[in-house]
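As structure tokens, here come the structures.
In the two complexes below, chain A is the common chain; its partner is chain B in one and chain C in the other.
And now, the complex of A and B:
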């Protein structure tokens, strides 16, 4: 499809870009930065309203932007995540610097939404690289945003160095793959790999090099080292976004790459992904036990969650792929919700130490209840969203005869329950140092209620979400 | 005389290995950024070599290389900006002295 015809299918993205530049201009003239933030939010919601689920796969812009139900699923996810993050920013008060934030942040997040959509829709190596790098660069900037905070700066530096080396390695893999097949389009690569006698060792080498770059994005061990530092050093709303947005879209790219180009080699990469999945969840859970900072704890927990999601991809049977998407929805609701609670508590206490959660149920019963729901959902307790996601990935592992993987994941869930319950115990059983009530700004309460209702509804009526997932996997 | 593809690939692999080694062992952040540039240049050499030999359409590899060069510049810009900001706060550009966040 040529560029002009494509534009009619490209309305949500155009709205996003238009709003981004408009917000950039508004930021110069309007002293009240909340207006800029709300403009950005309106842009994201308008883009969401104009997004239509396509009935077929449309290769827009000469095949460089694939619009299909799968990319539509991730487009909706990306826009919702960005909308929640923008709302959270409007209420967030950073401790170290009294700068009015929403201005530049709004612009960066609107571009981020666009970059995430590009990631979900990219169907060739060039676009995968380009969109991944787009997201990475924006993430480095968001992480290092606080000018005088040395934690934030250090986190940004580590993120940048890890990220650049990972994407360089990925590019090297892509260049080898391009040499082997002569093409960059994932479908053409698949045809070429199947029809011609390409040395399999080299194909797998290039695939694993590419896996380094994508594994970095989804914080898969052993490329997870940046994650806890960045999650601790960044502003809490940015952390909330980074644990959900780029990770979900990293999985989107991984699913598309493995299932479009490398499905015939599944027996080869599946074993590697099983090993990495076990490593990722074990490492995340074991190290999380000894954490004293809630952001680091949730950071390690999000590494472990990536390990569970990777299970579905490693098995890659029919349930496994559904499991990846279902788990991602559950994880997005739960993790964003948990971080919104963290923002409220850190606005109140001025610290992210776990000790400051002592007696939270006396200071704010609602907040303590909400955080408990989110932590239980992360642990995978039945009537909540996390359980549905775990149910899918576990049943896919058992159906695919990956018994070791299922046992390892079950053991890990038990370990994880320990540190989640540690926070719950502190909130309900430890005495509160003061009884000063926690402030609940409306901007935070709206997304918090959305996340809470999403977590509970998905656990009780999973069909609503499963149908959405089924529809996005139709092609 | 045409240089055989193998020679170019060995050269690129060497360049990649040097870059990766430098990125892993260097203490100076600027040194690491330069090593990352080496990695990206190894990729460019590969892409150009393949665009002349095995590519279905020679333009693909060349365009890819141009975009890699552009994004290398973007990466270097953001990288140097972060290093500069870090230097203002911490007065150091040695990675082993940037150690507030661990475990």
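And now, the complex of A and C:
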């Protein structure tokens, strides 16, 4: 499809770009930064309104992007995640220094939404690399936004260094693949790999090198080292976004890549992913136990969650791929919700230490209740969203007869419950140091309620969400 | 009334959600709403009783709707002889324990909300006939229980609460894997327990799945050596919650054997029988000895539960009609008797603020009504003929004797031990010279009597005329035995 026709299918993305530039200009002239933030939000919602689920796969811009139900799924996800993050920013009070937001943040997040959508619809190596780098650069900027905060600076630098190495490794893998097949389109690569006699060792090498880059994005062990520091150092809304947005889209790329170009090598990469999945969840859960900072705790928990999602991909049967998407929805609702609670508490207490959650149920019963629901959902307790996600990935492992994986995941879930309940225990069982009520800004309450209702409804009526996932995987 | 079972399961939940919106100034309403709805539940239970046909071995009052069609999950509730007594027991105990909760003064709103959520979870577990639904209710029980122990419990409540939670969660996760394996074993995939029970599976598969379920159920019962959470949880929990823990939650484990493991995995059940019998006897004897050594009244009752639940397991391992009848009846009786004993411990503790058996003495002279009731429940618990505990334990032993002679003889020690620790308890608390410290202890009051007397009726009636309950169980249990390949004489 040529460029001009493609543009008609590219309306949401164009809206995002247009709003981004408009917000940039507005930021210069308007002193009230909330207006900029709300403009950005309006742009995201407009993009969402114009997004249409395609009936077929449309190769846009001469096949550089693929508009199909799968990319539509991730487009909706990316836009919703960014919308929630923008709302969170409007209510966020940073502790250390006054930064002029949400002006610049709004712009960065609009670009981020655009980049994420590109990532979800990239169909060739070049676009995958470019969109991934686009997302990464924006993430570095967002992480290092607090110029005078040493945590933030350290986190950004670490992120940048790790990220550069990961990207370089991935690019190297891509170059090998290109050298072997002479193609960058994922489908063409697959045909060429199947039809011509290429040395399998080289193909696998290139695959695993690419896996390094993508593993970095989804915080898969052993490429997760950046994650806890970045999650701790970044502003809490940024952390909330980073644990959900780039991770979800990283999985999108991974699924597309493995299921288009490397489908015939499933038995090879499946074994590796099983091992990495077990490693990721175990490491995340075990280290999370000893954390005293809620952002680090949720950071490690999100590493562990990536391990569970990887289960579905490692098994990669029909239910496994569904599981990846179902889990991602559940995880997005739950993790964003949990971080929104963290924002409210840190606005109130001025610290992210877990001890500051003591007696929260007396100070703010609603907030304590909401956070408990989110933590229970992360722990996979029914009938909440997280359980449905876990149910799917467990199902895929059992159906694929990956018994070790299933047992490891079950043991991990029990361990994880321990540290989630550490927070619950403080909120309900420990006495409150003061009874000063927690402020609930409306900007945060709206996304918080959405996350809460989403978490519960998805647990009780998962069929609505499963239907959406199944439609996205039709092709 | 249609959808009677759904009403039973969900009316507590609805009332619980309603409680959250009761204004602060009307805090009194909360407990009356909770009492009203649990009382209503018991009334519905009586309606069910009237409609239930004991001669029908099939499922009655069935409700079946598609819930998550993509993975074949159904919302299936139904009643037969196996869960009928459990449902009645749960409805009775949750009503009485709710009245027993009036002593709770702090954070009432949260308490009754969690209490009603727990009630929904317990009833759902017993009524669900779809494994997915069963698992959900099974897990729903855990969370409110964690809070109920953790917030309103005794000095070591936090430790007890998280220990209970993690233990049972670990067990149930293996159960979840077992459920999934059953689901995927054969197309068309289904979670329907009755449907799964009609299929046949290879022995090795059955053994693995049986083991997975065994972890989930054995921790709940609890079977020795998985019992270590029990004394902590029972002792630290507030009185009404101990009643539900001992009276209902433990039965969820043994019910699981009757409902899931045995009918779906009959050959594996045969294969595991000897192991279960041995574990049962260890539990009976060990629980009895440890109960004998306790200074704490509540801990003694807690360990006696380990011992008494061992008889249920023994009857389960017997694979005879008497054994099964005894096991099922023992579940009901133990719920009523131990529920009553925990209430009695609570009555004493509310007045004396201690449970140390050594500091009491001569209370028989001060609290005569209390003493009478305590003696009644103790005699029921130690198996005095004429009271219900005797009938069920006798049936368990009768059913097991032809099969495992030595083990049955060994398990008789448990009855002797029960008599010893219960009579010693009576001697230390009620008899002897009056400790002057307890001169002013008031006798049991009307509200407490109201929670205890309804429990004494079934003990006496079942003790004299056990057929009243047995004739609801026997047809379903005989059908189960036939399925297990046992010929009924």
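Just so we're on the same page, the second predicted complex is superposed on the first by the 474 of 475 C-alpha atoms of A that agree within 3 Å, B and C clash if a C-alpha of one lies under 4 Å from a C-alpha of the other, contacts with A are read in each partner's own complex, and residues count from 1 in each chain.
Going forward, a contact is a pair of C-beta atoms (placed from the backbone, for glycine too) under 8 Å apart; a residue touches a chain by one contact, two chains touch by 3 or more.
Worth saying up front: this structure is predicted, and the values here are computed from it rather than measured.
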item	value
Partner chain(s) touched by A:398 [first = chain B, second = chain C, both, neither]	second
Which superposed partner A:232 touches (first chain B, second chain C, both, neither)	first
Of chain B and chain C, the chain that contacts the larger number of chain A residues	B
Partner chain(s) touched by A:198 [first = chain B, second = chain C, both, neither]	neither
First (chain B), second (chain C), both or neither touched by A:432	neither
First (chain B), second (chain C), both or neither touched by A:172	first
Footprint of chain B on chain A - complex, ascending	125-126, 129-130, 133, 137, 140-141, 144, 147-151, 153-158, 160-161, 164-165, 168-169, 171-172, 174-176, 178-180, 182-184, 188, 228-229, 232-233, 287, 290
Touching residues on chain B, where the partner in the complex is chain A	9, 12, 16, 19-20, 23-24, 29, 32-33, 36, 39-40, 42-43, 46-47, 49-50, 53-57, 60-61, 63-64, 67-68, 71, 74-75, 78-79, 82-83, 85-86, 89-90, 95, 98, 100-103
Residues of chain A that touch chain C when the two form their complex	361, 376, 381-383, 387, 391, 394-395, 398-399, 406-407, 410-411, 413-414, 417-418, 421, 425, 428-429, 462-463, 466-467, 470
Chain C residues touching chain A - in the complex, by the definition given at the top	67-71, 110, 135-136, 139-140, 142-143, 146-147, 150-151, 157-158, 161-162, 165-166, 169-170, 173-174, 176-177, 180-181, 183-184
